[in-house]
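I am attaching a structure below and will ask some questions about it afterwards.
Letters A, B, C, D and E mark the chains as written, and numbering starts fresh at 1 in each.
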Amino acid sequence: MIPIDYYIIVSILLFSIGSAIVFTRRNILYVLMGIELIFNAANINLVAFGQLDPYLNGQLFSMLIITVAAAESVVALAIVIVLFKKLNTIDLNEITQLKEK
Amino acid sequence: MNILDHIQESLQYLAPEGMLVLALLAVLFADMFQATRKNAVFATLTIGCLLSVGVYVGYELFDRNSIPNVEFMSNMLVQNPVILFSKLLLIISGIIEIVFIQVYHYSQYLRERGETYMLFLAILLGCFFLVASVNLFMVFLSLELISVPSYMLVASRLDKKSTEAGMKYLLYGAFATGVMLFGISLIYGLTAGLDLFSERWILAFAAIPVFSKWIVLGLVLAALFFKTSLFPFHPWTPDTYEGSSWGVLNILSTLPKIAAFIFLMRISALFEGMQSYSILIAVIVGFSLLVGNFSALVQQNVRRLMAYSSIAQGGFIGMALLGGGDLSQQSLIFYLVTYLFSVPVALFILDYFEHISKGDAVNNFKGFGKKEPIMSIIFVLVMATLIGLPPTAGFFAKIFVFTSVWQYYETIQSPILLGVICVAVAGTVASVFYYMKVPYFLFFKEFENTVILTSKHKSSLVFVSLTMLPVVVLFFCPDRLMDLLKVIVAYI
Amino acid sequence: MATHVLSILIFLPLFGLLGLLFIQGEDQRNYRWVSIAVTAAQLILSVYLFVEFKPEYFQFHSYDSLVYMEKGNWFQLSLGNLGILSINYFLGVDGLNLSMILLSSIVLFAGACASWNISKQPKGYHALYLLLCVSIPGCFLALDLFLFFLFFEFMLLPMFFLIGIWGGARREYASMKFFLYTLFGSILILIVFIVLIISTYNPAEMMEYVPSNAGYSILDIQKGIHTGELQDQSSIIHSLDLVQLSNPLNYLPTGLLGESNTTLILGYSIRTWCFIALLVGFLIKLPAFPFHTWLPDAHVEAPTAVSVVLAGILLKIGGYGLIRIAWPLFPHEAAEASWWVGLIGLVTIIYAALVALIQTDLKKMIAYSSVSHMGFVVLGLAAATTEGITGAVYQMFSHGLISALLFLLVGVLYDRTHDRMIPNYRGLISKMPAYSVIVTIAFFASLGLPGMSGFIAEILIFIGAFQSAQITGTIPTWMPIVATLGLLLSAAYYLWTIQRMFFGKFSTHATIDRTALTDITFSEKVLLYSLCGLVILFGLFPSLLLDKIGPSMEAWSSFFINMK
Amino acid sequence: MKLIEIVFFFFAIQLLSSALVILFTRNVVYAAIALMSTLLGVAALFVVAGSDLLAVVQLVVYVGGVLILLLFGVLYTYRDPESYFEKKHVLLSIVTVVCIAGALLFLLSDLPFNYPQLETSPHDATGITKRTGYLWITNNLLVFEVVAVFLLVVLVGAGWIASHVLDKSKKDV
Amino acid sequence: MNGLIPHIDVPLISADDISVLALTIFFMPIITFVLLFFTGKHILAPIRSWLATGVMAVMFVLSLYLHIHTEGEHISRWIWFEIGSLKFTASMLVNNYSTTMMVIATFVSLMVHLYSVEYMRERRNHSKYFPYLALFVSSMLGIILSDNLMITFIFWELVGLASFLLIGFWYEKDSSAAAAKKAFLFNKFADLAFVIAIMMLFANYGTAEISVLKEQVSITPLLNAGIFGMPILIGFMIWFATVGKSAQFPLYVWLPDAMAGPTPVSALLHAATMVAAGVFLLLKTSFFLGDWVGNLITIIGCITAVLAALQAMRTFDAKKVLAFSTVSQLGYMMMAVGVGANDAAFFHLATHAFFKACLFLSVGAVIHSMHHMQSHQFDHGQYKDLDTLDMRLMGGFRKKMPLTFVTYLISYAALIGLPFFSGFLSKDAILGALYDWATVSNTWTWFVVAAAFSTVAITAFYMTRQLIFIFFGEFRLLKTDMSYKQYFDHITESKWLINIPLIALATLSIWFFFSINPLHAQTGWWMKQSFVSGEHHVFHFFIPILASVLSIGAAVIAANRYKNVTVFVDRYVGLTKMFAQNFYIEKSMDVLLIRPVMLVAELCGSTDRWINHLIHGKAYFILVLAQCADVFDRWIIDGSVHLVSAIINGIGSFFRSYLKGNVQQYFYFTFIAFALILVWLAWYL
């Protein structure tokens, strides 16, 4: 059996890479990908911890996350498309109409 | 007990939620078969549902002898007077919001779409679950049930500003959710469970080394801070407020906040006496007060001003989370009651003025006080509520909150709490200035606008007056509500 | 009726307000009659109160000393370990506020009459004015500090709007200044009230409402608190009942203001700081040097009726607050600080009079003279002898009448020409003889000519202040001696004004429409002469007022001397 | 080193490097492909952890749904070839990654992860699938149902938003 | 309660018949005042003037009756008001002393009223004249009758008010308006001392009842508390109060200016009664004047007498000469008070009241005819600015107005102290008292005596000068403007209404009304009255002789000096310049007092502005933002001016700085802030 720490390390790394994508990439689609990576990092943890859980909470939770993440992506994509139609860009550096004056 | 019997038994407690789902479906079907969309079918359905849920919940609540403090649905949810009372608040708030959309004809695009009501009901459903949940499953799910429809509502005006606001809100919310999920996964690993309120979980949580206990908990609470727009999860607020329509803002600034604060209150009750939790909240709250109040002070745009005000208000409410005792809980609910009546009125009147003046800068409101005296006076009253001045219940709300923090400070003598109190006092003073900024322009500047005010707004006046009434009435009998709350919070 | 006469007095204008709501249209006539009728009714009621009042010698701030007392529990809030917060609806009359109630109803009536010509948004104006008519008597009658503060704040808002909307050219600036100053003051006051509420307890209510104390007497409870037998923090009832707060036994021994609390902040005890906060808060309202700069601006910009109310009553609330709250609750601190308070009074008298001397705006001059005269109140208060304090109250009363008169007179001139600058007029007597006569009477009344009410007040203050070195030991004898210079200076600026404006050959500045300079009308005459008549009446027969308030003021002084 | 460990490390390195590709690539299509690779890697880790069912769900929902959606997004938002490429912030990215990872590793390094200890041995693959299904309709029935409502709402709402794109009659505001 | 204030029992005494009569007399002018003031122009002028005069006549008769029937002291005392157990009383004392003064006051008033009926007939705006006079008379009676210093103070001030109103009666004249203000302010300044005296009385004795105080002082002498103890200071303060009203150095400068009022007013207020009120008050409270205060009074009185007399020598304004002479005579009275010769002082007060009123009225008659000329000229459309008071323009009236000349001459003789006239008697009494005082005291006292004697000479000098200027020689106005000739030719004796008072008053300036012995008053009925507690002075034979010689000599010198002078040049050098400039008293007052006060006032005004700025935190910015019209807008709306708002702005902008629209910056912010909070928390806990 793989020591639990390995999973955690992988998950932490995945989380940090996901965060870095969210923080630095300018394209909304990248950001969405980054968020998916963060979700996956949580999933890895949950599954790893849930290996020995008789009620399988970890697995069930990560299944829930996957579903919700999918739903969120749907909403995000819908908005991205409208946004692109309105602003003709999906670069976050250019979507700065709302800001402190 | 057989699991199926348990589920069957649990269903009786799910009646309100069930009714909401039924209403949601009914709106869906009505939307599918409705040709014109012009009449008030959706609103009637929604309000009817809300009223019946309200009556049901009210009956459950005040027939207190029959209320057990039970967990049901395999320890997913819990039923007790506090939760019923919160649901009552949510329903009242919900009714105000639906009426808000109905009364005001500038919210037309919202009023005539069935989707609005569906999303609204989904948010309300999420709030119902959130206040009652005792399991991270339900916490996460209800938060999503609140968030995702909110993103869509924000973006629903479908113009440049609105979609941008929706996009930012979504990205920010998804990020906060991600952080929370990561926290949940760690918590799960550390305590081997998601049933937040069980004794086993509390013991397991207590065993975690202090050094990292609060870090993981902080990560878990991130999404709640996001919902309540507390520091440092507040930056979305101004942009979203600027971008979306007032009707949506009204929903965003009341329902999720009430639910999230009630849930946080329950968490606080869970951690009552744990100083470290209080310190975490104290820091968050202190910074929220600082950011909200002082940034609002320099705003020229009423939407952003209200956004920062909502951050600050979150801070004030959050102060009641610190103590965790009976008084704190009472004062938190009291504050929420004041808040849920006053904020819709403020937003409504600003919406009204904004549409008259065709602009959302304070400058545009010059001299409206003379053209719209009653509306303006009620607005002053709302602002007084938010500042915490007599003769509004806001005054007592502030007093209770301050008292609860002071009481807690007296017990633990932490300088951080003292700091929070100082920041809150400074913030209250500052709030006078920014809240009175709009009335200042309303009354003391000459009317410049050339637009002729022709709107028939009798219904608007009735709406704002009636909504403001409880706040004023509460000022004269705060003890009634406090006594009621005292009984209720004993069940937490 | 007799049992609720105070409530009726306070809330009568609300009915007027309701009436206003049902009157439509821009015709000002209908609105002004509502104001006048309501204030007249208030006046009748308060005269009834005044006549019926039977003074007797009691201990100050005792339930016995109050007549027409209305006391009911408004609400009780349990605040956990902080105890129970009990707020009472507590009204009552003793000699101190009797005079103020009479004054305020007279001045409010005069103000309502002076609002005759308001044509800009009359409905709003009269509505706000009626609100003022609620809050001012309320403030004077409330004996629960919470109620007091409520009415106190409530005065602020109508005033703010009345100045800010119906005022002169720089009304926004003036109203905001007024608002900020008084808000700052009221925050200080509020802080003290909060400290008071958490560090005191109300044994009478604890006996009545806390079941576990059944069978205890008030003394038992006080004993229990002080010996530590009654330790249950959550069953201690805190209230802001002035009568209870005035009893030093009712301070929790370990509370912020308790005797065993020796915490020093910057070298002073918390009690001292509380006293200072109250002092500053009320001195701003009074106003005294150096917190007075809001007043001239507010006066200059305010419409006539508002100036009248502002000078006539609102300033008195500062003095009233000091006499009613600051001194009785913190007698020891007051005694210690009296030297400085007296100095503030002295500086205010002289300084404001000097500044008045160089003013060219008639209204500003009168505003500064108001400041100067309110300095006498501070001086009399610092003396704290019977004569001094009676003089202070009398000064508030008489200055209320006189300043109302003065501002009405300025209003008369301003209504006609929209110009108040002293150098722009000369020889007004020949054009407006009746007006000039009344102005002269008012000026002489204000400068303390014997036979007018101001003289009685000032001489009493001087006598009291001079005696205080012997009786209370609060202020040295040189202060009243120097303060007499104020009399000279006020004579100087008034006479100089008379000389410049009314004497000499008639001429006006080119911008002034001479045809508008008509003498006062009959109705104005009636109002002004009746105020003059009151001023002279109370100057010749001070016993009219002093018979009523004297015993209370003597009780006040002996209370102070015993407590300090 | 056991085989399972080798498998673990392989897939761990694979998914992390794919993730790094997303972070550093300039082409959004490459990023989508890399995301697929990452998700596959995660699925593999699920298998290693004994959750075959979850791995399948991961493949079906993520790779089959989310990824396709993202690709649709890429197509829909095509403006010009340049828009696929964007400036990289290599240094910033590396710093961010290192900081976050370092902080988390530091904070969580010596935590006693107290994952559930079972009396019985780990589930076998079929057992887990069956039990998952059982748990979804018993203990977690509420979650299951609420997710259904949630998805319904998202469906309707997303349709509302997206329908705007198709609605030719509306003018851009 | 007032444990530290000696509690003195002040019994209440109800009024007896005499007191009721006195009260009746007192209230009569008040009623007249109210009646005439409020009816104003609605009743005809003759009715008004005759009503007032009639009331005055009745009052005079009643006063006389009262005087005859008064024996001993009649005190009545009531409670004015009380504060709890503290009682403030009002009281009235009727004795020979006060009734005498009442008779004098009402008589002079009656004469002035009669005179005024004619004098004011043709002047404008006199609907208020008689009410004001009535107000004055009632206040004067109040001072005379009151036995309580607080009540006295009330009337004291009311006298000031009446004098303000009457001096400023011709308000259109700038000099009149200024003089009214000046008179009131100078009096007010001195009255501050009265206020202080009242404070001290209440602090020391708890009452201001004169008769009670007198008893107290007799029980515990003043000097028990040391020479600077409060009782002595009370005396000083009361004296200082009279320095204003009785026009002593250095506050006497208001009196000459006060001549801007109508001449009858000058006669009544500023010669006969009001200025005498100060002396009268001092006499009433003389039991307080102990030790150094007495010496001070004497010295100041002496200085006043000399300086005023010197100034009178160089004045050309006919009324001002008389005013200075009044001041000088008041100096005499004060000297007498200072040396304890109360009887002499009171005697001189009485004689002076008559002859000075007569002098004023006589000169007033002349002025009246000058005024006629002016108004005739005016009627003929040739208005010329004519100073009707300038003696240099007069002359030769002896022939035109012989009766006036005679009355003037009699009162002139009385003033300069020629034998067989009342002034001789009273002045002799004062000089004798001074001499006695000097013999028992130290050497410096002889300077006082010397000064007093030289003043006699100076008085004779300037009075003779005036006599010659007005009544002798030619009518000098014609030298500059012949157009007045026709009017001058038509000047005749005044109307009988003017003449009757002149004759009456002149008659009363003759010796036998006061003493049968024309050379010594000690044996006269006046001095024998019991009301003055003076011991009998030793009669010094040389004093009246010396005084007479001095005055006759000075009169001869003056007559020689001025009899042929026809042209006057306003050029003075050396000392005489000082005389003409009022010894620079006014100038120095202006420089030392008024200007500094105004300067300080300006300073306070600017301080006020600075306080304003300071409190608003914008003192620092004010230079930059001087142009900003609406400071508030910037202060709160722009939030860029204020110091506080700058800080707030700083905090605000710090927390807003990242909100530049890019959501990723929000992430960064959130993440970093959250991480910092969590890490700090982990460290903190």
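Basically, contacts are C-beta pairs under 8 Å (C-beta built on N, C-alpha and C of every residue); 3 or more make two chains touch, one makes a residue touch a chain.
Note that this is a predicted model, so its numbers are computed, not measured.
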Next on the checklist: On the document's contact criterion, could you list the chains that touch subunit A and likewise touch subunit E?
Outcome noted: B, D
Item to check | Chain-contact steps, minimal, separating subunit D from subunit C | outcome: 2
Checklist entry - When D-E is set beside B-C, which has more C-beta pairs in contact? => result B-C
Checklist entry - What is the identifier of the chain with the smallest separation between its Cα mean and the overall Cα mean? => result C
Checklist entry - In angstrom, rounded to a whole number, how far apart do the mean CA points of subunit A and subunit B lie? => result 26
Checklist entry - Roughly how far is subunit B from subunit E, going centre to centre by Cα mean, in whole Å? => result 79
Checklist entry - How far is the middle of subunit B from the middle of subunit D, if each middle is the mean of its Cα atoms, in Å? => result 31
Item to check | Inter-centroid spacing, subunit D versus subunit A (mean Cα positions, whole Å) | outcome: 7
Checklist outcome for this item: Residue numbers in subunit C touching two or more further chains are 172, 176
Next on the checklist: Can you list every residue of subunit D that touches 2 or more other chains, as numbers and ranges?
Outcome noted: 100, 107-108, 113, 115-116, 139-140, 143, 147, 150, 154, 157-158, 161, 164, 173
Next on the checklist: Quick check on subunit E: which residues sit in contact with 2+ other chains?
Outcome noted: 636, 656, 659, 661, 663, 667, 671, 679, 682
Checklist entry - Which chain pairs here would you call touching? => result A-B, A-D, A-E, B-C, B-D, B-E, C-E, D-E
Checklist entry - Which of the residues in subunit D come into contact with subunit A in the complex? => result 4-5, 8, 12, 15-16, 19-20, 22-23, 28, 31-32, 35, 38-39, 42, 45-46, 48-51, 53-54, 57-58, 61-62, 65-66, 69-70, 72-74, 76-77, 79, 83, 86-87, 89, 92-93, 96-101, 104-105, 108, 113, 115-118, 122, 128, 131-132, 135-136, 139-140, 143, 147, 150-151, 154-155, 157-159, 161-162, 164-165, 172-173
Item to check | Of all residues in subunit C, those that touch subunit B in their complex | outcome: 74-82, 121, 124, 149-150, 153-154, 157, 161, 164-165, 171-172, 175-176, 183, 187, 198
Checklist entry - What part of subunit A is in contact with subunit E in the complex they form? => result 19, 22-24, 26, 31, 92-93, 95-100
Checklist outcome for this item: Per the touch rule, the subunit E residues reaching subunit D in their complex are 671, 675, 679, 682
Item to check | In the complex, subunit D residues that touch subunit E | outcome: 100, 103, 107
